[in-house]
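In what comes next, chain A is part of two complexes: it sits with chain B in the first one and with chain C in the second one.
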Partner chain A sequence: MSPARRALPLVGLVGLAAILVARPLPSGAQPPPGATVTPGALQTAPATPEDPQVAQGRYLAVVGDCEGCHDRPGGTPYAGGLPLRTPFGTIYSANLTQDRETGIGAWTADDFWNAMHKGVRRDGAKLYPAFPYPYFTHITRAESDALYAYFRTIAPVSYRPPANKLPFPLNLRFMVGFWNALYFKVDDHPSTGPSPGRHIVEGLGHCGACHTPKTFLGGDKNDHALEGGQLDNWAAPAINSDVRRGLGSWSSAEIAEYLKTGRNARANASASMADVVRYSTSLMNDADLAAIGDDLRGRPSHAGPVNTSLKPDPKLMARGEAIYVDECATCHAVDGKAQPGLFPPLPGAGVTQSTDPTTVIRFILSGTQTVATNARPTPFAMPSFGWKLTDDEVAAVATYVRNSWGNVAPAVGPSEVGKLRGKVGKPIQKPSARV
Partner chain B sequence: MAIRNPPVDAVMIGFGWTGAIMAQELTDAGLNVLAIERGDWRDTPTDFSPAYAQDELRYYWRHELFQRLNHDTLTIRNNAGQTALPMRQLGSFLLGSGVGGAGVHWNGQVWRFLPSDLKARSHNLQRYGKAAVPDDMTIQDFGVSYDDLEPWYDKFEYLCGVSGKAGNLKGAIQAGGDPFEGPRSREYPNPPLEMPYALTLFGQAATSLGRHPFPHPAANASRAYTNPLGVTLGPCTYCGFCEKYACGDYSKASAQTTILPVLMRKKSFTLRTNCEVLKINMSADGKTATGVTYLDEKGQEVEQPAEMVFLSAYILHNVRLLLLSGIGKPYDPNTGEGIVGKNYAYQITSSVNVFFNDKILNPFVGAGALGMITNDFNGDNFDHAGLGFIGGGYVGILQTGARPIETHATPDGVPTWGLAWKKAIARDYLKTTTIATHGAVMAHRGNYLDLDPTYKDVYGRPLLRMTFDYTDNEHRMSDYLTDRAAEYGKAMGGREIKTNYRKGSWDVVPYQTTHNTGGAIMGDNPRDSFTNKYLQSWDVPNLFVLGATAFPQNPGYNPTGTVAALAYHAADAIKRQYLKAPHQPMVQA
Partner chain C sequence: MSPFPVDRRTLLGAGALAFAVPLTGAAAQFRGDGVFWSPNTSSYPTAVDLKANYQFFTSDEAAFVEAAALRMIPADPTGPSALEAGVPLFLDRQLAGDYGKGTRLYMRGPFGKGTDTQGYQAKWPPAGFHRAAIKAIGDHLGQGGGAPFHKRAEADQDAFLKDLSGGKVDLGSDVDGKAYFKLLLQNVMEGYFSDPIYGGNRNLAAWKMIGFSGARYDQRPYVLAYNKPYPLPPVGIGGRPAWTAKG
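Now for the complex of A and B:
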């Protein structure tokens, strides 16, 4: 299957943790030869009426995208063991099942609250902020208790995730204390109001984990919240009111549609965001999605105006246009307007004009696949061009799409393409013929 | 010791169009369905990239999407007096393999049969008398009527987002459509594709001759379309790589672009790829199919019990599995006894090239079913009295995209290689179009399928043996159609035309059409047919044989529309009737 990747910040270091997410298998992912393809698990409501607190907890676990990290390929849901890989070491997600020895079966509601609210394990040790407690600290005690009640229903699975592979001194958990002193503040008055959208965005939804730029120590630059981040060789775009690079031209309803269905007339969710949609936002209720949309649209941008007077080299643009017409116009159309809802339009797109061109380059090099949801099940994909376009050519066409049809963004250089090419994995397609 | 799997409600043997349609319908009805596919998993995002889908050498000439003949092929002869030899290279027809089957590399031509096509025997006897149907012409009525199938034709057209113009809406003839078609309950879901220049010229020429041209109904979406299952197709880009290729743009309807995004998400559905069914298992009394035995991807033998068994592979594989499983009585051409393998049929094609001096036709612009067609000489749309044949075919231009290795029509008198040939290609490539005829093949006593006595597959099982040739009926009909095509060609006003009749015996080498039919035919009684009108075996009521296997003869249209309609028709009956009384025949013999 295609490597679906997510990322979270790691203690003391820039967040480059890549987490393989296992299931369900989206149509469009490729099972290995001979595999038994069991269809994706659709979230279904339990047959018998559920305790309201448990039901609330089940929903909050969706909002928090807990399964996104706490499932491993081939493992039981919530049994943990998913490796969060970073250039500096690997952290494995915890077993959240009710096993008393290896899971959280022995935890009390207070223990659970301490983990969520303060980032402290039951034994008092500090959790690494790969577990996003700097966001979860904003949930209320009632929400924590509901999550706890839900996790009490998860059947125990005896499974001990592998030991973290972190070098000295990062392997010393007390080091997290220093990090916490810099980047973590316990929310003494968590509240679901007055903005339910903000409560999700800054709390359980932990949007900033990807979309907020990080300091060199991996802490959030809170004065630039949601202005776009870098993770695992992706650039997560700005999700604020920035018209050019963010969501300023989107309506709240369009944001909600994107989160619910995985696409709207402006953009398709793929890469890391595909998993967020698959496990979390597509299963959230409409009111919460609308609230998220309202909140994001109100977020200010401090990125400064775009210098629209900088024009890329006309020769580079001409070369980019020629490649674009040959390779890209099939889906995105010569005028870039593409097929909204199927293939995303490029004029005005935040990802396209992001100051950091990483995602644009990577889409061209590796391709990407739109998440399939119940509402929009077709797994539209962009193919890989890394095997047929040189670094120069990718740079030219990336520069072209970033500076055509009213778009403005810094030109892309071949060296940026070359650096990324060395880091990204194999494309999802098979350009070479079967022998 | 064979592995034994837990039983399932229904097993599909083969996972192309019919397997996907039936699995989708039966899982909707609450059944637990398993599909077993011997080929690979393949899907648009991962396998059919528009960045390399248009690779003529790789896909057409090197057959990447097709059946591997070193694994399994069939033997072929023209008549029972010959020794059949294995087909070692694909030619006349291009068998599929893998998820989606041949429905991945088809053109997307979606037709409905004429109401009279479904009653070929009784209709022709009634109109032309006994002499029109010689004793050796073993044609039959389908046992199902156009009205029975109309809702299911419609359902498939809306599944695929077919682009076309209705010619007959509830009996009212519509301008711009096919006036000969059976009545439709509603318009096509999408408007016709844009017509390129050659097709416009053809339409004008046909109209000037008093014929009735109309745009070919195409499962190549003319605009973005979301089907009733919620699956979305993208607009066709006219890239010219449908036929023999997979679509990278989500524009050509296939199981992948219309059903699988929904079906694969269902918990009640499982697909096993790279698993090949060896035989259908039967109860001791031979009246019940108990499941199948297959080889899994590791080569282990697995027994898969099932309440219902569906043969949903290509027709040649369906028939062979029946024969290998000992189900039904094999057909004997000497006595006319037996039913399995009977009434194998094909189609007959010919063409007329039209060369212009002054018209740039851009033939590389194409789509699989981008065509301007006349049905004036199809089926019984014209009076056959005195012609010496029954049946017919469509005549028109299908501009599927003039792929460069494949496409180099030259006028009469041009050498087939060398400088003069190259000059002619350079002069004519952009200014040539080809009118095609696509004609019916009637069933004949001597055309049939059985097991080869000599040749075996990789597992040591006998290969299927095909015995087939055209008869006088086909040649007379095809020549008649070719003459009509030549009339159109002349009326188009080009510099010259070249007429390519189909002469002599059927030849397995040049590509003609992948429309093989029959071998386990449907009908209204168990003496003359293998299944009833619901594709349910008369003898083994929990066994269903889907696909063109059921056609008693092969009308002049492409088969997929009817293949799908028959599958939906069967699924509907299974849901309404069979599931309430399992293991019972839905039609009393």
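Now for the complex of A and C:
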């Protein structure tokens, strides 16, 4: 933003907002320069009554979080180009606008269905499963056609995303055929019933893309569905009925509240989940969110019971407690109960007790910011402690929060912290002689 | 041409309209999506390396400051001396940095004597004032072959500092001796009670002495615990020994 725009008096901002209110944007159009348009604003208030099929497709695009991947920072929504960092290389999301050369303007409804249902591009080449067709195969033809009708309304943008960065032989698309044989089954009888929640979770919502653990080839471990996965140096927590690590202690209403507002009395959405809430779940209707809650709460866990007899080294815990009381208790309080709805409580939290401590460590090292939604417009942030806490100290305090107030989880070692710091953090800035 | 593509008339008209229309739609536009945040970002202080040499003081200046600080805060049963607490190192880094350079002071003349309530009036920023005053004190004490301050007996040093504080030492037309004593005492106290990350208050000794709990932000569990000792030891920005204690 230019200094001139930054210096605009408040009346100017209010004025621009008024212009936006007075003249709703046609779908796919760009906001006037300088205006702040929240995600989702483009999905609302069409100028004329909308074709019901297009309206349904617009909503389904929200459910599928299409914009979450098919938009890049500074780009046009649905023009693609977002780099998706997979363990196998970087894949850039496709242009879904109606441009005939670089987008999907030349695609037919059948072409679109084949991509969603079978993971096959218009030219017959196989799509990489970074595009979650193993989930989208569960949508119905009517849903696919509605999405297609909606995408037909997206103004063409000529933009060709960068070439994927995949090593040989993964750069050969036919290799995906072998992967499909192992991990992909076309759903021959997609149906919206009997459980609407499951239809979303396993279909368009593609929750398992992050929350289901993966094989070394990146396929879902379906016998451990929704038990928590790792990607891009985050650990997505379990979202099943596991009481410690999952959502077993949440009510369906609490799950729906979290998805709608980005927060509830137990947790705040941040990191990768912030984008999911921003582009998708905060814009979904309450009935669908409640259905998702019902489905997740019913999902079994096969992770096995937590060994509650494992007690971390008392000296490590004492150091962790000292750091916790001095640094973390400011917001999370000495008893860990924090300020529910503002700062998330730690006792009983799934992220805190996740078997994989990556996210806990990363929050401490790098900090994090909660998502802003219409219901909860203020994005709280946790500061970064990586500059002042050594790997040893991060490990001690992470172990402490994972094993206090009734929490139980494996202790964290300094080498785990050091590895993550090397990938996503910054070096310590600690004074040579501290106290 | 205006750098902004909306002219003033449109802007004011739209502003008036904003108050006329229901604000529900506009409220959504003020969501905090753009609030700046990025990972691994902190506004942290530059920590002083306690083993490094002076950056600002010459050896003569360091000798004076060390001796004077030691007379201002000698060791006693309640706490360590200014020297043990690292006050001269704090002062050195303070004067080498933005404070010493007076980056936040208005430093163009005219420079008058000022009154007691008018605050800092020297024509130099604090670093320059220390430098000029220490030189003037050296010249003053060296008249007729007198010993420098740091080589004098404690009683002699105390008498000189007392005279300086009372405005009884003439350091020439440039340097106001009384004002310098005030600045030096102020800086010595800052070093003694500052966070240890800045080089003074070593081992958190000054905070232990006065029972200050340090860089803590949430005292709610203790506010209503009347007649009970406060349980937490002081902590600095950089931590405290219990963070690293292995035993």
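The working rule: the second predicted complex is superposed on the first by the 378 of 435 C-alpha atoms of A that agree within 3 Å, B and C clash if a C-alpha of one lies under 4 Å from a C-alpha of the other, contacts with A are read in each partner's own complex, and residues count from 1 in each chain.
Note that a residue touches a chain if its C-beta (ideal position, glycine included) is under 8 Å from a C-beta of that chain, and two chains touch if they have at least 3 such contacts.
In this text, all values refer to a predicted model and were calculated from it rather than measured experimentally.
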Classify the contacts of A:Q369 with the two partner chains as first (chain B alone), second (chain C alone), both, or neither.
both
In the superposed arrangement, does A:P383 touch chain B (first), chain C (second), both or neither? both
Chosen between chain B and chain C, the partner touching more chain A residues is C
| said: Just to be sure I read the superposition right, which of the two partners does A:L342 touch: chain B = first, chain C = second, or both, or neither? | reply: first
- Look at A:T330 in the shared chain and tell me whether it touches chain B only, chain C only, both, or neither; answer first, second, both or neither. both
| Of the two partner chains, chain B (first) and chain C (second), which one does A:N307 touch, if any: first, second, both, or neither? | neither
Chain A residues contacting chain B in one complex and chain C in the other 2, 33-39, 41, 330-331, 367, 369, 372, 374, 377-379, 381, 383-385, 388, 429-431, 433-434
Within the complex, chain A is touched by chain C residues 3-6, 10-15, 17-19, 21, 25-26, 28-35, 37, 39-42, 44, 47-51, 196-197, 202-204, 215-218, 220-221, 232, 235-247
As the complex stands, chain A meets chain C at residues 2, 4-5, 8, 11-12, 14-22, 32-39, 41, 45, 278, 315, 318-319, 322-323, 325-326, 329-331, 333-335, 365-369, 372-374, 377-379, 381, 383-388, 390, 392-393, 396, 424-426, 429-435
Chain A contacts chain B in the complex at 2, 24-25, 27-31, 33-42, 327, 330-331, 339, 341-343, 367, 369, 372, 374-381, 383-385, 388, 428-431, 433-434
Residue positions on chain B within touch of chain A in the complex are 40-47, 49-52, 55, 58, 62, 64, 224, 229-235, 237, 239, 248-250, 257, 260-267, 269-275, 296-298
